[in-house]
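Both complexes shown next keep chain A, but they swap its partner, so chain B is in the first and chain C is in the second.
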Partner chain A sequence: MIKWVIFLSFSLWAIISGVGVVLFSNPVYVILWLLSALISIAGIFFVAGAELVGALQLLIYAVAIAVFYVLVLTAVPWEKALKKDTHFRTSGILSLPVVLLLYVEMALVFILGIAASPEGKFREAIKKLGNTEVIGSVLFSKYFFAFEVVSLVLLVGMIGAVIIGRKEKQTYENDTP
Partner chain B sequence: MESVIAGLIIAVIKILVILGVVLGVGAYLTLVERKVAAHIQRRPGPMVVGWHGLLQPLADGLKLMTKEDLFPRYGNRVLYNLALIMALVPATLVFAVIPFGPEFELFGYKIKPILTDVNVGLLLVFGLGSLAVYAIALAGWASNSKYPLIGSMRKAGIIVSYEVAITFAVMGPLILAGTLSTYNIVEAQIEQKLWYVWLQPVAFVVFMFSLLAETGRVPFDIQEAEAELVTGFTVEYGGMKFGLFPLVEWYVEVLSLSAIAVVLFLGGWSPINIPFIGFIDPLFFLGPLSPFVWFILKVTALFLFILWLHWTLPRYRIDQITEIAWKVMLPLALFNLVFTAIIAPVVWR
Partner chain C sequence: MKTIPLEAYFAVSMILFGLGMLGMIVRRNLVTVLMSLELSLNAVNIAFVGADAYMGLVEGQIFALFIIALAASEAAVGLGIIISIFRYRQVESTDEITDMRG
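Let's look at the complex of A and B:
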């Protein structure tokens, strides 16, 4: 009973934060709403008993990833932050079908995923071994291939970042007389 | 039902004790810092208020409370005040997962001197610890002023860099202990008769560097940098609001991270360790209080070490700081992690 109350309050908090992310125009407020949404989702994980996932949600999303948006603040002058209008109105309307398609896809994956989810299969193992150990053993045995493919995707992203961020030594040398 | 109520009462008592101790000690550490700094520089420090300045923190508090509450004219009041809350709350929440001593029995109830012994305590420490960056970024932006913004951006850059290093540094002890719960890590060290600092000196050094960087202590206090930035992101704050930021950053966070260092590397509440042989306890006459005294002693020693660094070293440049993080600390921590991960399963189990 009390679990449901906590779960519902966290869900409500997450939904309100999500609406806040969409409605506010000041980027600083948007970052804060996003942070609040991420923290409430971590709370939902904790209520569900997935301690490790909750802590990782907090550590990776709320801190490591959302922090990078904070660096956006340097690029937000005060006058721009207070303005209400946005540049991308037509682009937003044009991209609506794509967004809808993506949502349908997400719903499909979600519905298919419910059928494939190992509901209750690991409950005994979690009781015996603990959350972290079970996630580790499942990740590195059953889902090992998917795990490696995902890390490859991340590697590609990292290489891209390094290429974008590299110094172009040649041009500087040519400039010096 | 009775046990539920007892559990609740115990939890409330724990919360009150932790909050009181942390904030009270935090306030008094300002005096400790000023005294240590003074003696390092061969001067007496605060001497007027009370015996050897013992009442100085109260006087300072009174002064800060009664000051006028100034607010920058074009600032953002909501975020300006929210920054204070976001600085204080995560920093004090970290103490929820710090074990202060072994389990003891009182009036028939078994009490662990830790607020919540969750399985993922250590991850929570770093999750909550780095939420502090939002407070500083907000404080800098909401002030609508140049110095605070520069200071807060410097701090954000430092935290982003060192958060990676510190997370990889603690993986070494984690592999040796085989658990993420702070309480069990200490118990594992007592069981194995080994402080992990003996096997993980590299991780310890990286951890201490990151501790200094995340709490903005010298040599990484580039976000304050009195000479260039006045005092960084606290420029537009006045009175007690101004006092809160150094209190949180320099004392509460240093205390919590020092406590985590003690838990991870120095065996928590265990007495002096001879590797693999056992523990020597010169404080045996204190009986059941001895573990708590040991814990406090170790945290104090680390804190004094940090003060010593703070008042003797010069300051790094911002590019040097980030360079150390990415080019020295991160590879060292990664190498240590891989080495431990390869060796530990062979030798350890």
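Let's look at the complex of A and C:
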């Protein structure tokens, strides 16, 4: 019961923050709403019993990536974008049911196929060892190659960001109307 | 102890994903488009972790960690592209970048 109350309050907080992300026009307010949404989603992870993912959500998303966005907002002048903040409003709202229909279809396939899945394979191990230890033992044995590939992707992304963001001598005019 | 059903996690995830998608279509500022993308990625993470908690597995949490790492890398590259677009073109909204329009 108390779990339900905590889950519903965090969900309501997340949805209100998501609406704020979409509706506000000032990018500084938008990033504050996004920070609020990220913290509430970390709360949902804690309710679901995923301590490691929740802690990493707080550390990586709500600290590192949010600070990165704030840093970029200081480099880009966002004041002139305040007057015209949205476009394609009707087509965006009309395309929303199609997206949600695809999502519902995916969720239905998952829920119907859950009978054939290995349900509760690690439940005893999680109860005995704790969630984080089981994640570590599976991540570093079965998904070790994927883990290395993800580290390589991070390295490539870092090199790409450095190369894209460096200064060039020549500047280009925006010649389209 | 009663656990939260899978449909509740999926409902929250669906609503947040729809909001992020709407923001990606509707927004005109490039930085807020990327912020809406982050919201969508977080919604998918909620679905993964919720399914995990329901089924008693750990694979969903591992994939949520992968998604967080890929979102960090995507944010780095995307924000670098936005800064360089602004530096060379002096524009930062999506409808002013029309060089490749056919």
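Quick notes
By definition in this document, the second predicted complex is superposed on the first by the 116 of 177 C-alpha atoms of A that agree within 3 Å, B and C clash if a C-alpha of one lies under 4 Å from a C-alpha of the other, contacts with A are read in each partner's own complex, and residues count from 1 in each chain.
We adopt the following convention: a contact is a pair of C-beta atoms (placed from the backbone, for glycine too) under 8 Å apart; a residue touches a chain by one contact, two chains touch by 3 or more.
These numbers were taken from a predicted model, which means no experiment stands behind them.
In the overlay built on the shared chain, the residue A:64 is in contact with chain B and with chain C. In the superposition on chain A, A:52 makes contact with both chain B and chain C.
For chain A, the partner with contacts to more residues, out of chain B and chain C, is C.
Applying the stated contact rule after C-alpha superposition, one finds that A:15 touches chain C and leaves chain B untouched.
Applying the stated contact rule after C-alpha superposition, one finds that A:1 touches chain C and leaves chain B untouched.
In the superposed pair of complexes, A:161 makes contact with chain C only, with no contact to chain B.
Looking at the shared chain after the overlay, A:41 reaches chain C, while chain B stays out of its contact range. Once chain A of one complex is fitted onto chain A of the other, the partner contacts of A:131 extend to both chain B and chain C. When the two complexes are overlaid on their common chain A, residue A:107 makes contact with chain C while staying clear of chain B. Comparing which residues of chain A touch chain B with which touch chain C, the overlap comprises 52, 56, 64, 68, 73, 76, 78, 131.
Listed in rising order, the residues of chain C touching chain A in the complex are 1-4, 6-10, 12-23, 25-32, 34-36, 38-39, 42, 45-47, 49-53, 55-59, 61-62, 64-66, 68-77, 79-84, 86-93, 95-96, 98-99, 101. If you check the complex, the residues on chain B that touch chain A are 74, 76, 79, 82, 118-120, 123-124, 126-128, 130-131, 133-134, 137-138, 140-141, 144, 149, 152-153, 156-157, 159-160, 163, 167, 180. Against chain B, in their complex, chain A makes its touches with residues 28, 32, 35, 51-52, 54-56, 58-59, 62-64, 67-68, 70-71, 73-74, 76, 78, 130-132.
Those residues of chain A that touch chain C in the shared complex are 1, 3-4, 7, 11, 14-15, 18-19, 21-22, 27, 30-31, 34, 37-38, 41, 44-45, 47-50, 52-53, 56-57, 60-61, 64-65, 68-69, 72-73, 75-78, 81, 84-89, 91-93, 95-96, 99-100, 103-104, 107, 110-111, 114, 117-123, 126, 131, 134-135, 138-139, 143, 146, 150, 153-154, 156-158, 160-162, 164-165, 167-168, 171-172, 174, 176.
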